[in-house]
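Here come two complexes built around subunit A, the first alongside subunit B, the second alongside subunit C.
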Partner chain A sequence: MFVQILINGLVLAGGYALVAVGLTLTFGVMRMVNFAEGQSVMIGAFVAYTCVPYVGYVGAIAAAMAVNAVLGIILERTAFRPFRGVELNGLIASMGMSIVLVNVAELVWGTTPRPFDTLYNDTSVTIGTVGISVQRLICVVVSGAILTGLWWLVAYTSLGRKFRAVSEDHETASAMGIDVNQVSRLALVIGSMMAASAGALAGPVNMIAPDMGRTEMLNAFAAIILGGFGNVNGTILGALLIGLIQSIAAVYISNAYSTSIAFALLVVTLIFFPRGLVPERVDENV
Partner chain B sequence: MRTFKTLLVIAGAAVILALPLSFGLFWINMVITALIFSLVVFSINLLTGLTGLLSFGQAGFVGIGAYTLGVLAKQGNPPLLAGLYGVLLAMACGFLLGLPAARLKGHYLAIGTLGFGILIYQLLTNSVDITRGPMGLLGIPTGGIDKQTWYLITLGVCLAVLAALAYVDRYSIVGVVLKMVRHDEIAARASGINVFAVKLIAFTVSAGLAGLSGALFAAYVRFLTPDLFNEQESFRYMMMAVVGGIGSPLGGVIASLMLTTIPEGLRILGEDNLRLLVYGTMVLFVLWFLPSGIGGLLERRRR
Partner chain C sequence: MTIRSIAALGAALLFAAPSAALAQAGAKGTVKVGVLLPLTGNTAWAGKTNRIAAAIAAEEVNAQDLAGGYKIELVFGDSQCEPRPAHDQAQRLISQEKVQLLIGEWCSSASAAVAQVANDEKIPLLVNISTADQIAGDSGPYAFQSSMQNRYSQQREAALLQKDFKFESVAIIVENNDFGLTFRKNMTALMQKAGKKIVLDVTQDRSDTNWYATITRIPAAKPDLVIVSISAGQAANFVKQYAEAGITTPLFSDYPPPPRIFEKQVGPQAGKIGLVRAAFFVKSDTNTPAQKDFVAKLEARVQKELSEAHDVTYWDVASYDAVRLVADAIKRGGPKAEDYLKAMAATKIDLVLGHYEFDEQRGSKPEGLNFVFIRTKPDATIEVVQ
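Now for the complex of A and B:
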């Protein structure tokens, strides 16, 4: 039972973390919240679903990431660049894009939820006394690997340094010769690709449907707030907490309230830590 | 000459306002719903436009107002009293949400209020013995009023709120205080304004407005499901407010009329998805070309 809950929690947490880290990266670099991120997850899941019969599961994940990279560029052009400095409008624009994406997906794939079967759904391995499907293990391992990769990218590469410089101070970074537009675009592309991997990995565990982006995004938001906006490590921590608590709550309390539980936890946390568990540094000018 | 012009404007406005009375049922229905929605837009104008607080949980308050009226009226209470309870309960919830939320800022506030909205939505969905959950609350006993009367009622309420907001915004000390909190919290505090209390009041009143919209909606439509109050609806209200220009209630009415009637008019496209596709694109286009919304356009005309 314990192993089962732990693995389920980690599967959830992995998906949330991939989405949330993408969001947090975009937020850190552009100071804007991407309300269309959930739809990137959904598009990723559907592209992978469509490609699986032709190129296999690994190829499908790659295809989903490629499609979403393009989607990231489109999003940056339509919903982010025109609204730099006008946060609220950017927020609403990404909501507009989100409506557009959901409806395009519904036109292409229909509205009914469908199962996304891969080879690994039906095979399982036994750990202790319980059988765990290989798909779930893949979810945990691959999302862990991608997150580690991102952490390395942000901490040690020159692109990562640019990300951090721009999120620290937009104008100074620009004065030092960093192309802020290019860095923003890359942040969105990477965020979008991570969302695609989240969709392709977690899709087979649940059903996929054009409205799946909603819950994905809400849980990711909860993780981000817990961890502190713009903070990659804190966000991963937040995602772990939310995932584990939800999987425990699903067993011992009720499945129907799982999103509520995440958000109730969030509201309680915010009462005591108004800037999240790992606060971001904000200077208030007098 | 000037009085003549004023008279002309008033006459023109009266004609425009009376016009929907001659519409067919389909369109008058649309206009009434849009007017009811615009009350929520007003609540956002007050909260975000004047006081500078973001809320992505307005649909939760609408739901509280609507379901309170629905449930109480079905138990045999007079609808007006039930509606009053709805507004009061929404205000109480706004106050309670304000207690933690008034200390939050920016994105934390946005997501915190979003969480509140989801909480309310899930409560409405899951407490089946009170709200009947996803089965929907049917047959709320508020029938017997024809559409023309409904139009006049909703129009009256909207105009009253619009006037009150304009008064607060332009002429009252309250408006000055609210705007001061929005522009510079620290300066407001230094001038002896209790920022926390001001925010709390803004939350409470705005929740009351959203609750009023919900109560009117429940009484008019007489059928409720929780899906009418999920976070997507909160986003939609926010879109209406931004398309209308966040600080402009008049723009808000126009936006809510536009964003309600145009998608409905597009039903001729047949496919539901095409309709919503156009809706999303429309919002994007307004934001690209009218960054301060319809209100900004009106403002430019005036000058």
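Now for the complex of A and C:
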């Protein structure tokens, strides 16, 4: 049973991490929280669902990420750039956009939860006494690959250096010739694309509906706080811990309160590590 | 009198009779009835067709003068299956729309909130869809409950399960809400009384879509039968993940996800595991003439208004019947609250779902109401088991 618990935890952690890293990237660069990230997950799931019959599953993930890249540009222009320096207004604007996205999805796809089945749902690998669908294994592997790619981008590329520069001091970065608006837009675009991949990967595991994405958002916030706000590596570690704790607690303690247990442990951890598990200096975070 | 004048008189009488009846509906005035349904949110898919079903009933009541000279005017409120919006919409319907009677809501927690408002404002309420026990009995004299309460449906389920399945041990899996917890309490008592062993008892957070952790515990517990009570959207997630895990233990679902809508969501998976579930109503060859008539009317109307093919659900039937029940009580007692409540308490009427009567706690007596077991076949179609 432990293998199933582990894989279940990794599936959860992968989804949380993709959302959380997108959020933390945006926060690190713009110092603003994107409350529409959960709804970006939902839009990504629906776009992938719509595209699967035409371009296959891999193509559908790519299409979802492409559509969400455009969504990221729209979000940056409407809910973030006009409110730079007035964080509270930006926060409310992104909350407003999240409601708009839900309504758009209700109009386009309706309110009835829909199945998003891929070829990989029906193919299971039996480990012990319980089957695990190939779709779940894909979730783990692809999430890991995307997160590794993002880590590499932030740590070793020119764009990553720009992210870190803007994160440390956007005025100095601007004075040194970095286009802060462009870097901010790219942070939101990448965040939205991560959310799309989370939706496209997790959608086939459950049903998809316009109200999805809230749980992922809540747990992503927990992962960010646990890892250290604005810190990519810490956020991934936080997501991993939250996912695994929920999975283990659901089996060995109580499934009725697995989320509460995870959040209680979060609070206890923060008492001993107030700046998260990876307490880098804020100006080094992205 | 000439033949021509006799013919003229006959023709006049022929046309006068129905027009007299038509003129009578509304002769005593119009009764405004507030109907609370989830018209937005994640149960709006049901509320939209329930609204049409209620409207059809109101049209028939007015056309055929079924409310004793009163015309019924329905005013809808979007209560979203949530207590707070339901409470606010009930207040709006009473204070702004000046409704005299209320019908609704869909979710039990929302209905309980509406019942509170109804009793505070002394406006009679008919809870027609929510199935939690004692919504009427616990909330005061202004509420009636025409839906079959959980304790009755679970008694039937326990009896039918013992007849249909051979099992000695069970796993009971529910959502952590009033619906699931009531089911767990009732079904546990019924199974223990029947001498069955409960080898797994799990309650899951209702917002948690990941049932896999729960499902992984089933093989180790080795139950002969898995009994679940999980709401509509979550039930689809559960069935999908149950099939994915390759578990072959027979599965029975208490909560009646809408037949065919559910099959469109997870038909292949439900068929693969041979899911059996209870339903208050399903469109089938065994339907009564009244049920067949209603199905034809509603499907045509939904096609016309929403431009979609629709399979009639229990909730549609319950919405139609509720308006007819209200009209019948108005006919016998009038719309004044005190008289209307007495008339409702004395209800004895056959409608689409069956025969309605109320007990002393103003809950519907279960004996006359429709209740079936259905199984999803491997080709994702439905068969009525009992």
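Please note the rule applied: the second predicted complex is superposed on the first by the 275 of 286 C-alpha atoms of A that agree within 3 Å, B and C clash if a C-alpha of one lies under 4 Å from a C-alpha of the other, contacts with A are read in each partner's own complex, and residues count from 1 in each chain.
Simple rule for what comes next: contacts are C-beta pairs under 8 Å (C-beta built on N, C-alpha and C of every residue); 3 or more make two chains touch, one makes a residue touch a chain.
As the structure is a prediction and not an experimental result, all values here were calculated from the model.
Undergrad: So in the superposed three-chain picture, is A:G177 touching just subunit B, just subunit C, both, or none of them (first/second/both/neither)?
TA: After superposing on A, A:G177 lies clear of both subunit B and subunit C.
Undergrad: Report for A:A209: first if it touches subunit B alone, second if subunit C alone, otherwise both or neither.
TA: The second partner, subunit C, only.
Undergrad: Per the contact definition in the header, classify A:G85: touching subunit B only (first), subunit C only (second), both, or neither.
TA: neither
Undergrad: Applying the document's definition of touch, where does A:S133 land relative to subunit B and subunit C: first, second, both, or neither?
TA: After superposing on A, A:S133 lies in contact with subunit C but is clear of subunit B.
Undergrad: Classify the contacts of A:S247 with the two partner chains as first (subunit B alone), second (subunit C alone), both, or neither.
TA: Only subunit C is touched by A:S247; subunit B is not.
Undergrad: One more residue to check, A:M97. First (subunit B), second (subunit C), both or neither?
TA: Only subunit B is touched by A:M97; subunit C is not.
Undergrad: Which parts of subunit A are touched by subunit B and by subunit C alike?
TA: Residues 106, 214, 256-257, 259, which sit in both footprints.
Undergrad: Show which residues of subunit A lie in contact with subunit C when the two form their complex.
TA: Within the complex, subunit A touches subunit C at residues 1, 4-5, 8, 11-12, 106, 110-115, 121-122, 124, 126, 128-133, 135-136, 205-207, 209-212, 214-215, 246-247, 250-251, 254-259.
Undergrad: Note which residues of subunit C are touching subunit A in the complex, please.
TA: Answer in residue numbers: 40-45, 176, 202-205, 207-210, 212-217, 219-220, 232-233, 236-237, 240-241, 244-247, 261, 264-266.
Undergrad: Looking at the complex, which residues from subunit A come into contact with subunit B?
TA: Residues 27, 33, 35, 78-79, 82-83, 86, 88-89, 91-93, 95-100, 102-104, 106-107, 214, 218, 221-222, 224-225, 229, 256-257, 259-260, 263-264, 266-267, 270-271, 274-276, 284, 286 of subunit A touch subunit B in their complex.
Undergrad: Taking the touch rule as given, give the residues of subunit B at its contact with subunit A in the complex, in rising order.
TA: 48, 54, 100, 103-105, 107-108, 110-112, 114-116, 118-119, 122-123, 125-126, 186, 231-232, 235, 238-239, 242-243, 246, 271, 273-274, 276-277, 279-281, 283-284, 287-288, 291
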